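Got a structure for you, written out below as structure tokens; questions coming shortly.
Note that the chains are named A, B and C in the order they appear, and that numbering of residues resets to 1 at the start of each chain.
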């Protein structure tokens, strides 16, 4: 069985974020600390578990330049068989749809049985790329999977996924795309042999021309006009007083000041 | 000149950091409170293969260079200081002479399981009358036919109470002083090999420390590691690395203590504003950060010198001293930021304060280091 | 600018989710025609739930459409959108809405803003949306390129549900193609274990963390949530310790919520957690530790024993509500 996993390097959730002076499109400042998106690691781990069970190959792919490559090194450290970086100047400006177009073109070349991706990236939290890749390929997809069983011979997968208010079990024919929710697998702590191998690996790149994708296909459909800091909360009001007076005060504040009761 | 780490080194550092964050950090407080050696964590950690980082691939190691190892040690020290001590006592010190001088049989029997974490090692310098001054070693090794007989008591042995094997500094020629010292391998289970009780310690708790009694322990001739009488010379070959490693641990402890104090200073208010907005508090962070940067840059330069094969004994001593004093200052300032809260285990400041004290003796006392540095400066 | 704004309403029982009404209200405020789109076997039956908030209801009917995959639903919507050229298509930023709009965006090649907290029209009629990025630590303002339709998933509780107005006309349509064959197929549905109120749309959420000391400690959160008519959430620490199902986890690797009132019991307030709830309108933090970082990000703070304070607060709120 062949599985392609879509991975992304994102700013570390603990990286400092600030919005600079003019609040324009270049105003977002993010500290230079990165990690591989958590749900992508879950997807990768799930792919490796399927390989263990059914044999085959796990290929990790990312779209982007610079630090993006570390997501692929991470995938190698986990144990992916092969990694590819889709790197093209046109992709630098792309939005989620453009990235999905490039990834879908890659998947079409590889013809895997299954594509796994994180349910959303930790930075933009759009949840767009996975389903959009499936749509471009004309494949079915299941989002937010917490359990995944594959019958490679029957070309069929069974997915349990979270939905608002519960869970549902889906059946879908392969090839298909599945996005990983927390719980599908627990990402490993990679062994140092894998880390050293990944550290020294040469990462192959493909540009849009190699993918046979016109640059127009990755043109962004949205434009960032600017950034602003999150709305500031008023300074906290610490409710003083002894019990139970403090509880009464808080309840009164919630009713009369915050008006949320 | 290029002072940046390569992309590959940065990647390696991030992976180590991730491993420490996930495996070790959640255990820091428990390890410190109990003071027990966390064997389950050791096994989990050993399974990742890091214990073989510096050792040859033929024995299951990874052949990493000094700087890669130092990046690992620096990140390891961000977790539990006790666990750091236990790991480094094994992978840098306890297995060094075995890897360098051991026979194939010894390497298969001791080194390879040690790399896999199945056996725990210790290194034994210290005795009651011998710390930084190795001439005070009283443990003897006497040749008897095809065997050596080891006899004496080693003290302050990290991993001592739990070790499966130990490399032991003993004198083969008591009259020759420093030039009579030699290294031996002794293994637990050999008659006369007695592991002592775990001592109570102020800091680096979780690395269990105790005495090791060698009561006429008979070991085969091949357990003499290297040539007799050259023990001290061999030590100097590894001391540089031990000192850089200790210095980087100092940088990590300082960094963790400062980062933690920073978060506290930003949220703790006094007289109507966060204490981080007072000049006297800011001065602490400014000074400590500057000193830490200076120490760390110096340490990685020495690490680079080791990789280049350049002589760097004085530099290693100096860098270790600079980093340790910096750290002791930083953990002290961090507890001051916490004021009364720096005095209670409810907050981590006091743990950094306690842990940092080990830096004063590890790799030579500061008095000895400075005396040596001063002497060699004046001589030139 | 010409063109209607469509809101794809998410069915819930015989009615629709509240976020669908919130989106209709916002669409109406932006001017022009507001169209509620219903998908289902008997979609017109749900029309009364949305008609008072829309100028028109499009009830697209097909025996399997309600249970159909987002693949099938996106295909139906794309066909309709191509012939009728709406200016924008909105849905709630729920699992259902985001799944559908992501596929639809790819199918139409249309600009899409997931999880918007603001949607407004510029002077030229161009839509602009604002959405949190990087776990809510910055807000991005986005415009659309091209002719549209533009797609927006609107975060629940971003706008109030509108008051009902004159009922719009209802137009029934048959789905344009046979959809039954389009996978995936739902073979089983399981209701969530947890409170009766769903986290995504809850008005009030009471979340508990390490401070409640164990699974039994969640009783005080449940009690308070019941008094507020809200749902129960959990911190990562509590979920990882196995005290609560992952479905309740709020934060980076859990869910993002935006209730009117968020009460945190014994949660220290790590950035991972705050990423999931920073857009809550009013935040109350109750913690034993007066120096818990969460207080800095709260509107009201209360220091003391959770097991004393939370039940007393539940009681007090019940009394106030009865008055």
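The rule we apply is simple: a residue touches a chain if its C-beta (ideal position, glycine included) is under 8 Å from a C-beta of that chain, and two chains touch if they have at least 3 such contacts.
Given the structure is predicted, the values throughout are model-derived calculations rather than measurements.
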{"item": "Comparison of A-B and B-C by number of C-beta pairs in contact, larger one", "value": "A-B"}
{"item": "Relative to subunit A, chain with the most remote C-alpha centre", "value": "B"}
{"item": "Computed distance of Cα centres, subunit C from subunit A, in Å", "value": "20"}
{"item": "Approximate Å spacing (C-alpha centroids) for the pair subunit A, subunit B", "value": "39"}
{"item": "Interchain centroid distance [CA atoms averaged], subunit B/subunit C, Å", "value": "53"}
{"item": "Overlap residues in subunit B, where contacts from two or more other chains coincide", "value": "none"}
{"item": "Where subunit A touches two or more other chains at once, by residue number", "value": "none"}
{"item": "Sites on subunit C at which at least two other chains make contact", "value": "295-296"}
{"item": "Subunit C to subunit B touching residues, read off their complex", "value": "291, 293, 295-296"}
{"item": "Subunit C-facing residues of subunit A, complex", "value": "11, 13-14, 17-19, 28, 30, 38-39, 95-97, 100, 122-128, 130-136, 140-144, 146, 158-159, 162-173, 176, 182-183, 219-231, 233-234, 236-239, 243-244, 246-248, 250-255, 258, 260-261"}
{"item": "Subunit A to subunit B touching residues, read off their complex", "value": "34-35, 69-70, 73-74, 77, 189-193, 195-196, 198-200"}
{"item": "Residue ranges of subunit B in contact with subunit C within the complex", "value": "263-264, 267-268, 341"}
{"item": "Complex contact set, residues of subunit B against subunit A", "value": "7-9, 11-12, 14-16, 18-19, 22-23, 47-50, 52-53, 62, 64"}
